[in-house]
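Each of the two complexes below includes chain A, the first together with chain B, the second together with chain C.
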Partner chain A sequence: MAAITLDHVSKTYPGATRASVDGVSLDLPEGAFVVVLGPSGCGKSTLLRMLAGLETITGGEARIAGRRVNELEPKDRGCAMVFQNYALYPHMSVADNIGYPLKVAGLPRAERAARVRAVAESLSLGEHLARRPGQLSGGQRQRVAIGRAMVREPRVFLFDEPLSNLDATLRVQMRAELRRLHERLGATSLLVTHDQVEAMTLADILVVMQAGRVEQVGPPRAVYDRPETRFVAGFLGSPPMNLMPGRVAGGGGAVALEDGPLVPLPGRLPAGLAVMLGIRPEHVTEGGPHAALVEMVEDLGSGRVVHARMQGVPVTLHAPAEATLRRGQPLRLGLPAARLHVFEAESGRRHEPAPLQAAEAALAG
Partner chain B sequence: MSNTRRALFRSAWLPWALVLPQLLIIFVFFYWPTGEALYWAFTLEQPWGGGNAWVGWQNFAAVFSSEGYWHSVRISILYAASTTALAIGAALLLAMFVDREVKGSRGYRLAMIWPYAIAAPAIGIIFRFVFDPRSGVFAFLNQAAPGLWDPTLNGDHAMTMLVLAGAWQLVSYNFVFLLAGLQSIPRGLVEAAAMDGAGPLRRMRDLQAPLLAPTLFFLVIINMTDSFTHSFALVDVMTGGGPARSTDLMVYKIYSDGFKGLDYSGAAAQSIVLMLLVVGMTFLQFRFVERKLHYK
Partner chain C sequence: MVERRPLLNLATHLLLGFGLLCLLLPIWLAFIAATQDVAGANAVPMRWLPGPHLLDNLAAAWTRADLGARFTTSMIVALGVMAGKVGLAMLAAFAIVFFDWRAKAVVFWLVFVTLMLPLEVRIVPTYVVAANALRPFQAILDITGLTGLVETLSGVRVALEWRMLNSYTGLILPLVATATGTFLYRQFFMTIPEELVEAARMDGAGPLRFLRDVLLPLSRTNMAALATIMFVYAWNQYLWPLLVTTEPQRSTVMVELSRLVPRGDGLPEWNIVMAAALTVMLPPLAVVVLMQRWFVRGLVATEK
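Here is the complex of A and B:
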């Protein structure tokens, strides 16, 4: 059974002309780590808060473990949430913070203390139990917030950008810790973020949102390799995918780039169709049929990012760290047909070129 | 290092000249009268003027050995404690309702502080009419059972009436501070508590009340001091200290002993005692309560 089911869930704030969350439908399996990724203002946090019960659902239905939760109080939904700014109670000790949900639930003091201790040990907070949140570092506060969520042993964990307040090193550590924690607890986790690295590394299932709608759902690898829309293609990946406007030409087997060369496709598309041709920087090859000029080189340490111009079309590509490219230098680029993504210019939807007949392919080859 | 933040004056007299007006005002309106009262408290002043005699601690001895004075102290403390509790309790309830419903409506807050701007004698007059046993709002009680409500005859009724009037005035002031305090509590904390399973009342007790503690502490001091020293106008207009001295609060007793009984020296001694009482109370509160309120 699905742990979380969203059925055309919408949120329209009073007085707003546009829905913040617009008919989102998702089926999330038990025990999955689901990451909702999107730019700020895309409605991902609102979606999470509706599931938590902190915002009312204005349309559709949300179910947790098969039970409709639209009208339930937050505490009755079986969710625990970790907030972006941790939301620790400043006047309580770490132990009291972690133990608060149990105290509210009316558990006897001894059992409470034992469970708080167990949770604190597992998060290596054991020696900080008597401290106040104000005396802890950012990473420790984050762990207290997670501990407070864990102690109730919820079916569903909700994370609202939990890592965005940490510095870069700590973020990488906590990311790994979150993943380990998820594996150990086996609960369903739903994490909201605008950081694509976080999304790619943590998710079993990646949900990409934009303007209140779900753009694509799937395993992160699949979403990365086969983006369904132009938005997902451009949003996921750093540096982002090259997206070049053009028109299908050459009898349907190639795209004539605007102000650029003719690029052959792996299959056939209706001739004359206006498209966006996409290719990831790591798939652009050095050495190929297209002449280009280097405009700028960024050194990332592990490699270089080369910004080149192929006639009028800007192209980004990865180059090895040893590459000796300089500004103004000519080079030849290859855009392998198998690595191309084609999106319809008007709708932004992915367009799969119809495979060539074997004979035709042989002829073309 | 510490010198770098201090403004330096090249001339010696300019800084003094700048603070002089303020010092002058404090001296004329506080230290001078207080000094005079202190002096009178140790002398015996003739009722119609014309010289006084040094009597040492005799005025204080007379005050402290008077049963009427101790009665006045007791009911003053009762009045201050009840007024403060009622005013803060009611204001807290109102502020919590407002915090949940209408966030950040400034006009409403402004309207709520107006009662504080009403002069105490005016409040006294209004409440005298409201609580009048024969023609007031509660006169119907006497219709049902004669004598059920009569602040002109029953001391407890009179005290209740004073407390209600005194608290009414302070509620608005407290409300503004408490609402500001509540709104400064991050929304995320309240939401976290909701996720942790705490209902609205539980959240008030476990979260909002403790986080409001510094504000509450400030209000307790202000309300207590206010109740001890500013209750004069209410008593004067509403009960005149009666019936049978049941509302003869310390600050009113100073006035009635001094200007009606013409015992200037006794009144001066009483005012020194009242001042020391308020100072001591404030000191104790800071010493023992305030230090427990900080958690950062």
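Here is the complex of A and C:
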């Protein structure tokens, strides 16, 4: 059974003309780590907060473990939430913070203490139990916040950009820790972020949102390899995918780039169609049919990012760290047909070129 | 920022010193007068050094103004106003800041407007209400004709009455019903991050639980500040207790103190008056000294 089901869930704030979340439907399986990714203001936090019960759902239905939760109080939904700024009670000790949900639930003191201790040990907070949040480091505070969520043994964990307040090193550590924790607890986790690395590394299921709508759902690898829309293609990946406007030409087997060369496709498309041709920087090859000029080189340490111009078309590509490329230097580029993505210019939808053989056969037949 | 301006420093300290002198001089004069006999207190030129009669004067003031009983009354009033205010203001601010309800804006502005109408301005209507707190309701019943209706139907004449004159209720309630504390709390409550409120909701704490477990401990310094201010304010009240208490055994220490002041052709016993004044100053002074640490923190800094 699905752990979380969203059925055309919408949120329109009073007085707003546009819905912040616009008819989102999702089916999230039990025990999955789901990451909702999107630019700020895309409605991803609102979606999470609606599920938590902190915002009212103005349209559609949300179900947790098959039960409609639209009208339930947050505490009755079986969710626990970890907030971006931790939201720890500043006047309570670590132990009291973690134990607060149990205290409210009216558990006897002894049982409370035992469970708090167990949770704290598992998060290596054991020796900090008597401290106040103000005396802890950012990572420790984050762990206390997670502990407070864990102690209730919820069915669903909700994370609202939990790592965005940590510095880079700590973020990588906590990311791994979150993943381990998820595996150990086996509960369903829903994490909201705008950081694509976080999304790619943590997710079993990646949900990409934009302007209140879901753009694509799937395993992160699949979303990365086969973006369904132009938005997803441009949003996921760093440096982002090259997106070049053009028109299908050459009898449907190639794309004539605007102010650029003719690029052959792996299949056929309706001739004359206005498209966006996409290729990831790591798939652009050095050495190939297209002449280009180096405009700028960024050194990343592990490699270089080369910004080149192919006639009028800007192209970025990955180059090995040893590459001796300089500004103004000419080079030749290859755009392998198998690595190309084609999006319809108007709708932004992905277009899969019909395989050559099949198309040829159809023509012959 | 580091500043090195010795001249400016000197000037500032001179100004501060002058201010301190202006503040302390009257108290010193009162103390001097309290240590003299009648002749010494009225001597021209004024005496600047203490005389030997302090204890005699204190004892005389204590018995003559019945200060023991008056202290009890004043203490009950001041503590009542203090506790009432701290509690009421907290609940009012809680409702205004953390709940969304239809009349919220209206109520907020009504409370705000009362800031511009201190007790002294509305003293007559307040007195009328204190004389019979239910009078406004009676008026509504009379105007709508309900009184007449009930009388013809049941033969009972509706006459609502709740007299608060000469009672602690009458002394305390009108002083509690002001907006100052509400705003102090409101400002503090608005600094509480939204996430903290939401975390408490997720943890299953209802509004009252949140108030008790989170807001109350976090606003301890604010409470201390407000309590100090309200204690001193209530202790120093003169006009309202004078109006509302007609029986001498109900009057407060301030009212009694003013009765000691010589009038007309009475003996000008300023030494006794000043000794009494010094005694009366002690409780608020003690409260301020004891609460100072909390008090300053509550007014100045937001504790991190």
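Here is the rule we use: the second predicted complex is superposed on the first by the 357 of 365 C-alpha atoms of A that agree within 3 Å, B and C clash if a C-alpha of one lies under 4 Å from a C-alpha of the other, contacts with A are read in each partner's own complex, and residues count from 1 in each chain.
What we mean here is this: a contact is a pair of C-beta atoms (placed from the backbone, for glycine too) under 8 Å apart; a residue touches a chain by one contact, two chains touch by 3 or more.
Treat the numbers as computed from the prediction; the structure is a model and nothing was measured.
Asker: Clash or fit: what happens to chain B and chain C when chain A is overlaid?
Answerer: clash
Asker: On the A-aligned overlay, A:H91 touches which partner chain: chain B = first, chain C = second, or both, or neither?
Answerer: Touch status of A:H91: both partners.
Asker: Once the structures are superposed on A, label A:F157 by its partner contacts, choosing first (chain B), second (chain C), both or neither.
Answerer: In the superposed model, A:F157 contacts neither chain B nor chain C.
Asker: Quick one: classify A:R132 as touching chain B (first), chain C (second), both or neither.
Answerer: first
Asker: Per the definitions at the top, what is the overlap between the chain A residues touching chain B and those touching chain C?
Answerer: Comparing the two interfaces on chain A, one with chain B and one with chain C, the shared residues are 52-54, 73-75, 79-81, 83-85, 87-91, 100-101, 104-105, 134, 148.
Asker: Could you please specify the touching residues of chain C with respect to chain A in the complex?
Answerer: On the chain C side, the touching residues are 193, 195-196, 198-205, 209, 213-214, 217-218, 304.
Asker: Within the complex, which stretch of chain A touches chain C?
Answerer: Interface residues on the chain A side: 52-54, 73-75, 79-81, 83-85, 87-91, 100-101, 104-105, 134, 148.
Asker: Could you please specify the touching residues of chain B with respect to chain A in the complex?
Answerer: Per the touch definition, chain B meets chain A at residues 186, 188-189, 191-199, 202, 206-207, 210-211, 213, 295-296.
Asker: Please name which positions on chain A make contact with chain B in the complex.
Answerer: So the residues of chain A touching chain B come out as 52-54, 73-75, 79-81, 83-85, 87-91, 100-101, 104-105, 132, 134, 148, 152.
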